[in-house]
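Note that subunit A is present in both complexes that follow, paired respectively with subunit B and with subunit C.
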Partner chain A sequence: MDASEGRGAAGPAAEVSEAAAPPSEAPPIKPPADAPPRRGFSRRRLLGAGAVGIAGLGAAAAGGYVVSDARSGARSGGSDTAAAIPFRGTHQAGIVTPAQDRLHFVSFDVTTESRADLVDLLREWTKAAERMTAGEAAGALGAVDGPIEAPPQDTGEALGLPASQLTLTIGFGPSLFDRRFGLAAKRPAALVDLPAFPGDDLEAARSGGDIAIQACANDPQVAVHAVRNLARIGFGAVAVRWSQLGFGRTSSTSRGQATPRNLFGFKDGTANLKAEDASLLEQQLWAGAADGTPWMANGSYLVARRIRMHIETWDRTSLDEQQAIFGRFKGTGAPKTSADADSAEFDDFEFDTVTGASEPVIADNAHTRLAHPDFNQGARLLRRGYNFVDGSDGLGRLDAGLFFLAYQRDPRKQFIPIQQNLARVDAMNEYVKHVGSAVFACPPGLSRDGYWGDTLFA
Partner chain B sequence: MRISRPSTVLVLALVGVTLAGCGSSSDDKASGDKKGGPVSVAATDTSCKLGDTELDAGTSTFEIKNTGSKVTEFYVYAEGDRIMGEVENIGPGLTRKLIVELPAGSYQGACKPGMKGDGLRTALKVTGASESLGTDAQLAEATASYQRYVKSQTTALIAKTTEFVAAVKANDIEKAKALFPVARTYWERIEPVAESFGDLDPRTDARENDVEPGTEWTGFHRIEKDLWVTKDVSKDGALADQLLKDVQEVVTKSNSVKLSPLELANGAKGLLDEVATGKITGEEDRYSHTDLWDFQANVEGSKAAIAALRPTLEDRNPALVKELDTRFAAVQKLLDAQTTDDGFKLYTDLTQAEIKQFATAVDALSEPLSQVAAVVAQK
Partner chain C sequence: MDASEGRGAAGPAAEVSEAAAPPSEAPPIKPPADAPPRRGFSRRRLLGAGAVGIAGLGAAAAGGYVVSDARSGARSGGSDTAAAIPFRGTHQAGIVTPAQDRLHFVSFDVTTESRADLVDLLREWTKAAERMTAGEAAGALGAVDGPIEAPPQDTGEALGLPASQLTLTIGFGPSLFDRRFGLAAKRPAALVDLPAFPGDDLEAARSGGDIAIQACANDPQVAVHAVRNLARIGFGAVAVRWSQLGFGRTSSTSRGQATPRNLFGFKDGTANLKAEDASLLEQQLWAGAADGTPWMANGSYLVARRIRMHIETWDRTSLDEQQAIFGRFKGTGAPKTSADADSAEFDDFEFDTVTGASEPVIADNAHTRLAHPDFNQGARLLRRGYNFVDGSDGLGRLDAGLFFLAYQRDPRKQFIPIQQNLARVDAMNEYVKHVGSAVFACPPGLSRDGYWGDTLFA
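Entry: the complex of A and B
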């Protein structure tokens, strides 16, 4: 599926047909058993390949075909956690792609003042990203085949590792749309600066940024390798503003996945948008040309929040109170309104149910009630957050929490009202603190020859 | 990679360091075919007048007369501050001669009263026929040019270390503190060369935690701690003498070592690595917090090595040269913003945001610098 089909002048009709089509990030097609062997220099094949002669290098350097060939060869079943996820498509990979196990998220400040340099970087990044998501080295000469006097083009720590379903997803922050690059008029209305929420304790050094890249993979080494190499390519044009490692995905973005647990030990985000909900995704996840920002059609808006959890005080809280705060049972994840014995996570919440004392079973300030679509004009999010533990904080407490990532069609109608609701009264607020915050416009997926951001910089 | 010396060796020898006073009776062997006389350079504490600014390609002789009150130096720079020739230590009232071969091109003559700063510069235009240099000749000239730079730095290093040591031994703490970052400037500019001589570098420049068990901690930083922390250098006489002796040995070796062009390239990168790991973190001068002096010196030393390689880089990868120029300038701009009357702000007075800016600029410069060696090595 070529992204150009769904781009640009595509009217509502085109959008409807897109909606009916399976999402481009659906499990990729397995190659036939007799598929030709891959050419080029696979990261995973390099170790066994031994010394590669000059002729081989020339061939690798000469051809874009190496990349595309490697990509098509790399396709395999979506359930194969080592496989490659296609990089190009109508939408960027890494949004409805079944959430991988690990995350390295990075936010950059653009340091160059030249628009041309920035576009050059985006092109360079696109090449490297496409290579790495296919399981290749960041540069054509890889980690060991370049001239010995030069630093290797790839840092090498992912040599021998498979693609591990690596996805790299780019987003542009509000600050990019200032005067520097002539983008002010292209800033989407939906890319608002988030308002100050009650209780926020934001650190500038963990917030904002001109450009974000989300790297998700099933192997942390692969995700870190990708970010490290992209950062390196970016030296001189961008500087890392902050980054966040995540493990233990806290949400599922596909019905094939179970809802995992956050560091409070609870299932959360059960009502998450899922890859299979095609029409809901069109409604709530993907921006459309008609939203007022044509270059964002088939893109999405990302809100990132670093939510520190007061783990130690939570762990001293009774089970009863913990369950009351969530409005769920800790064991099954079922709503507190379900019969404890045979209830299940996906039971409907019955928010009107009251106890004998006429108290609602799910309290007015329970987390699930406040976050539920029923109390937010039906607004939903596609969450793909991760747990984090960044060691300890020097006071002997875990520096841990949830790195919340949520994609949506319009933060003004989705994340912001939901978070305003939560920030005001959520019983969980006593145990969490939002310390980092950022919002990004994630452009559509890439056409065959497209580069990251081409619809914006066109 | 072996560099063979070209047959058309560019004689850039620093001949003519004739002793002062005896004026200009020229020893014109090297510049015999030069029409017109030597170029007179009238140097004072505030001016630097050249008798001629349009020269013919070939060998030129400069005669520098210092009528000022400060010791001065004279340099001829090519583009990118590549040193074509230099004469140092021209005391008040002295006249010295510099003979240098200049192919057609644009140059600058510079006096440096007080041996500091960029110098008082005058543009020089050299026209006429000049042989173009082959690759090997170019690279041989690169190492020769860089070695002239090393020589200029080591001369000042000895002078300033001697003053520093004298202040320490005189128990003049304030004076020693003032001289500490100055003496180190010359050290830090040529650090990749200086640190290539076994344990001389650790003896001279080790930080407290770098000292191997069983080894005595000596050198600049040991005295730094006594100056700033214990505030007592009364027992440091022997340490100071040892420092000067070690520095002298480093200088002797630095001036005789034969460097390869690849070593220039790697040294240029190594200096910025020093900045990234030692200066940006404030580790280097952890007692005096004069890290920005070292930072500046490392950048200058790196720039000097790149300047020496410039003709080769221009031929082979002009885009890289352009990028290096831009990135060097960006780092320098940040450093300039932190200068004070007598040098630089203390590291401890920098904000986290300023340190981040430095780190970003250094990363941006180091990445293209890391590409230089491969360009130099390519055939």
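Entry: the complex of A and C
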């Protein structure tokens, strides 16, 4: 579709977006009266306005701007990959939003010491984020319509590209709650510093950070544009600590999505928490008002781990061994306790099944057994990771792996115990190394005139 | 579209592919009798063959494999982004092929000292490359259909993904023509070591290499899968020297494509050599039989430069200054000597036009003036670069820029003099730094049973 057709918050994008679903605990949020029109409004509308008239319907066509082939938004699987995802709602978008195909994740250090400057930045960021997720330029004047004596209000590389389901999700790291901004008393108990796990080989330069922003979109140029403009706006108040690009989401987060594959070649996301699991999400994903940190109610905690994969070693491992590690068939993704039939991907594990030799079919050190809720007091995660390849490592190998992202209600009960299980004996450990780590408290979604972090700074 | 519909070499994909066009100098190449069927054949056909029968038409549907939303192949702009591009032809695919959206470029060092082993590898690579560009697995048995005691013949992460217009293009670097393989006498005169240019700040670890492979596709997972499987097959004979991912092609190479934007926010590729410029391509792109290196006839020379952009500085520069640097309007891409109307992107420069103050409208140090054929004895390039963002640089900034790729008939007459012009005085230099550099001789396309490099090793 041509994104200039325009689409409302009530269109297909809204149907699939949890952020637009009727909020269960909070009062219903109406589209803010002063918000920009949410009609799949494309950046190109703002372009060349001097020449063709900004308000003219059909301006896009008259302007002769054409969205390039591969980006013009496939319409398949019932969702429109070019559309806009609503920015405000009970929960932040980008968590249960069906995982988009590309990621740019950035972690910032706050460099200003002024709480007021930080709050100003968060307000400014919110405006820009809302605009960009709607497919507009970062600033009202865009890339080419401001005074020519001034730097443009948008960097321009996404001119003409549709919203591409961009979501921007913010989180606050433990270090933000130190003495600088008077937030120490507000640090959530659940926002623990992660313990050291056996085998960790963390690089400080790829770990931690005061503020994280996760940008997901179906076009990498749109995700990169968003992070770059937020960094530009933040100049003088924040500095990029680390950033990570990812592609080919490795975990589906909605039952409408086919399960994608990670760089070990396995389907990843089969047993994930999904957008449709309403009551599980309340139990396991969203922080509750009674969890001890009122400002985090309807928020969620994010653990990020950069996990390097030794793909060269993996590629020399037999299919049998690979399947034993995950306890699943590589082709279909079905548990090894099902028959190898295509329909069986979503079958349940039967962990008690044994072989003729009385060995468990799903080995004691299989990744999925160790990570399964049955062996973790029911704990689950909403995984939302991405594959990465960041060039080569100087030793003749690709620097490739999984940028693991997992959302949850409380890392003390979810990520930490599961990872303690895995780090100890997971058969997969021979093929992976955790090289980066961070944890963030992601506040609730925004009310009609709220800004990022308002519940924390209020 | 569902890639399993199948499409012939005579279908739309072939129409847009130069590799399939009637060869002008060489005898017509018929589809090889023993080649796999070129029908948009998807990897998924090979999947679960044990269960559903490898040859069965409709096996894909029966297997229940679903291509994930964002990858299932937008059909727009008249080309099918999921289709297969023919691998054999007069010229290698991936040069004038309309630029795909994603890049994985890899440069290898040859580690074996045996010429025979190197030739064996090139033959093996050719088979795998032909299969993968057709949307199949790297090896005949694929990721899951071999014996379970052995490592799979394909790494599996592209199972279920369509061909995505994957092209694989090979080139040989100057260092391959040293003493190791007896190729010294075959080194083309045009394959010069690039001179040092003013301002160069090259890293050895991002420069040079014996063999390069450029993988372009509309899905990064498909491009990454191809490079990773070629590296796997090359284990013991080659090692990855460096690799670069890119997105959002920065230069259109066909008049059917809208001009995309680079990370400075400008349209990039407007005045590029295009697939449709048949006689210019003969003059400027393809090496001729009479050029002194018969094995390179119908080949081309590739210059790769990793160009870091100081985007933070750029983002603080006025629109006026930015437009002066490129001599073009940022919005429309039109030369600053045209009126700022949308239709004028492809207008010619009028370099003699002066302002009221008798200054040239296109400044003497404007990038486009310095790079224009009028000031370079008619020399042109086929630019085929990609944007990159590789995390951050440890100094609070994104490691972003342009991975510049340019094909040409003779770097001594094209890239080198143009870059000498630019490196000296280009107003853009304040905002960029060349940090990686390489040059490769890309042999002609493959005949019916040819292999990569056959004209060189024959």
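Here, the second predicted complex is superposed on the first by the 379 of 458 C-alpha atoms of A that agree within 3 Å, B and C clash if a C-alpha of one lies under 4 Å from a C-alpha of the other, contacts with A are read in each partner's own complex, and residues count from 1 in each chain.
We adopt the following convention: contacts are C-beta pairs under 8 Å (C-beta built on N, C-alpha and C of every residue); 3 or more make two chains touch, one makes a residue touch a chain.
This is a predicted model, so every value here is computed, not measured.
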{"item": "Contacts of A:L183 with subunit B and subunit C, given as first, second, both or neither", "value": "neither"}
{"item": "Which superposed partner A:L280 touches (first subunit B, second subunit C, both, neither)", "value": "neither"}
{"item": "Touched partner set for A:G236, first subunit B, second subunit C, both or neither", "value": "first"}
{"item": "Touching partner for A:L263 - first (subunit B), second (subunit C), both, neither", "value": "second"}
{"item": "Residue contacts with subunit A in the superposition, subunit B compared against subunit C", "value": "C"}
{"item": "Which of subunit B and subunit C A:E149 touches, first, second, both or neither", "value": "both"}
{"item": "Shared subunit A contacts, counted only where both subunit B and subunit C touch the same residue", "value": "109, 111, 146-147, 149-151, 205, 232, 235, 239"}
{"item": "Residues of subunit A defined as touching subunit B within the complex", "value": "109, 111, 146-147, 149-151, 205, 232, 235-237, 239"}
{"item": "Residue numbers on subunit C that touch subunit A, as the complex places them", "value": "47-48, 50-52, 62-77, 79, 81, 98, 100-102, 104, 106, 109, 111, 143-152, 154-160, 205, 218-221, 224, 227-228, 231-232, 235, 239-245, 247-248, 252, 257-258, 260-266, 311-312, 315-320, 322-323, 329-332, 340-343, 387, 389-392, 394, 396-398, 400"}
{"item": "Sites on subunit B touched by subunit A in the complex", "value": "262, 265, 323, 327, 352, 356, 359-360, 363-368, 370-371, 373-374, 376-378"}
